[in-house]
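Structures incoming, each one as structure tokens.
Heads up, the next two complexes both have chain A, just with different partners, chain B and then chain C.
Moving on, here comes the complex of A and B:
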């Protein structure tokens, strides 16, 4: 189903009680909650969007490579990072605290692994990131917010604990008071 | 064909039978047609408001126009009468037609702010306003009905003959035509062109024109059952076809 079709389905099911942007923001909210569960269940790849040619920039001050996220992601939504052509390097996500601790160690991991951490909308890479890979850019599998999908994009609908995404949104909205939506030309 | 001429003939026949004996003039006929068409349009539109279904009676008023927008605002078509529900399409998406109050609520809200795929529209005076802005919008509406007009000439027997819209006529001996704009009297040999002919039919389909006849008769104090009026109309039509 496309995102628009989902919005319209919910709109019909709720007998047009809400403006569509409100349904959309409610869907975003439920989506993030379900994604949180899916991440814990390690079952997120199906719901990710792939972004290629993400620019890698070298910060001249800290001498550290970083990439700005090409989309708004849910919490822990950077699911996978990999080189554009070379798969020699493994990209491994670690918490920022570990990243910083690791940099303080006398013995440093010089294997083909690039550790990275995510800080809000930016990904920081460790010193194993090479200029060759950086120049090519990286690819990312991201679990984005739902509104980041195009309105015409087909959405993989998650089902968590036997509750479908659409039903979860409807349940959430059922308890919300109706928002006036008066078409001035449809007097009933 | 059940046109203004048919209605006029039937009315005259029936009113002559009336005790008053008055003859219904063509000018009165035009006035009556205009008045009755307005009445019927308003009644039909009332029904449309309730059911949002364009009935055959309103079908001929069904219209659409692409409006150019500047900063989200554009002028309504000159012949705009009423909007149809869901009648504003912006960038291929149907816009929510909202009241001023709802416009403000949505415009200043983060949760309700319209997006490209669910725009909103409102009518402000003679303009339409759309958000999010776009270069144009498709506007579906009911256009103002054109006022009917009964144009005619006198034949050699001084009888009134209705000019069917869009037709021309060459006046023969004894025939007279009075120009309805400036009152000039035209006689034998003159060609009443289709452009000069000012007749305008009721915008209804023929079946609904019987309704107009019935309403006019009511105004004239002739009580006639609807079925009889219909029957009379059909008879007249059959007679015309067999000529």
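Moving on, here comes the complex of A and C:
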């Protein structure tokens, strides 16, 4: 179902009580809540979008590789990172705190994996990132915000605890007072 | 070499995450616990971390221990194809002196002087004299000082952490379950809303798994060998 179709469906079901931008922002809000549950249930991969050719840059000051996220993601929405052509390196996401504290531990000394953490819109990689992989760029599976989908793109609709996405948005909006759709500017 | 009887640390970590459903973002923490669990098993239970290696004393009859040695278990001489154990003692003078910036054992201070061995023929003397030599474990300086020795090459039986920084570390699969429960036990200790009953269950299972690791190292043949080694010919008394 496309985002446009979802908006029209909800608008129709609620008898056109709300402006469409308000329905869209409500959809974004519910989407992020459902994604949060799906992430906790480790059942999120189906809803991700794949981004290839993500550039990896070396920060000359900190001597650390990073990538800017190609889309806006929900919290913990960087689901997978992997080399563009090579699968030799495993990428493991860890919290920034673990990243900072593990540097002197054995877990880091004997690691052949690339640990990374996400800082809002940027991914930071550890020293196991090689220049060869960095030059090629990486691929990412991201759980983006709903508004990041194209208006005409098919969206895999999540269902959590037997409640579908559309029902969840309608439930949320049902309790909201109707917003009058008067064009105040023309009236004046 | 990656078989079902040997597993890498990463493989054990992934197995634990897979079986328990622990969040993958805790990968680094779980892996550090796997390393610590394997270190504990090496030091207390399993023989994989035990090594025996030849070391040569310097001119002062001192052996400096290498980084991988966590604990020295015994020191031997090879005599007639067998290991002869030297005696650990705290009674020799363990200090060294300095001469022009170099260390040496000053005999006027009793350093490196052979201790007098009673020959056992006197009324008040005890047995247990070691004619091959004595050693003192200087923990702080990570070295062993010898006395009453007549050669410089010794075999040191020691325990390592079992974790190699240079090569891949392989964990025997028979102790993976013990590590598994070590990880769960430790993680349940550090959880913010920790559950005392769950923690005790994990500790109990960890100890049970350690017993399994310990017990599979011995078999009936070895036991019978110990029994038979105490048998000898004797007169049959009628």
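Definition applied: the second predicted complex is superposed on the first by the 172 of 188 C-alpha atoms of A that agree within 3 Å, B and C clash if a C-alpha of one lies under 4 Å from a C-alpha of the other, contacts with A are read in each partner's own complex, and residues count from 1 in each chain.
Note that in this section a residue touches a chain if its C-beta (ideal position, glycine included) is under 8 Å from a C-beta of that chain, and two chains touch if they have at least 3 such contacts.
Predicted, not measured: the structure shown is a model, and the values here were computed from it.
Asker: Who does A:179 touch here: chain B (first), chain C (second), both, or neither?
Answerer: A:179: touches chain B, not chain C.
Asker: Contact-wise, after the overlay, does A:19 reach chain B, chain C, both or neither (first, second, both, neither)?
Answerer: first
Asker: Kindly classify A:63 by the partners it touches after superposition: chain B alone (first), chain C alone (second), both, or neither?
Answerer: Neither chain B nor chain C is touched by A:63.
Asker: Check whether A:93 is in contact with chain B, with chain C, with both or with neither, and answer first, second, both or neither.
Answerer: A:93 sits against chain C, while chain B stays out of touch.
Asker: After lining up the shared chain so the two structures overlap, which partner does A:115 touch, if you call chain B first and chain C second: first, second, both or neither?
Answerer: Touch partner of A:115: chain C, not chain B.
Asker: Note which residues of chain A are touching chain B in the complex, please.
Answerer: Residues of chain A touching chain B: 4, 7, 19-22, 24-25, 151, 179-188.
Asker: Which chain C residues qualify as touching chain A in the complex?
Answerer: Per the touch definition, chain C meets chain A at residues 9-10, 21, 23-29, 31-32, 35, 163-165, 169.
Asker: Considering the complex alone, what residue numbers of chain B touch chain A?
Answerer: Interface residues on the chain B side: 49-50, 52, 82-87, 96-99, 102, 105-106, 111-118, 123.
Asker: Provide the residue numbers of chain A that touch chain C in the complex, in ascending order.
Answerer: 42, 76, 92-95, 98-99, 102, 105-113, 115
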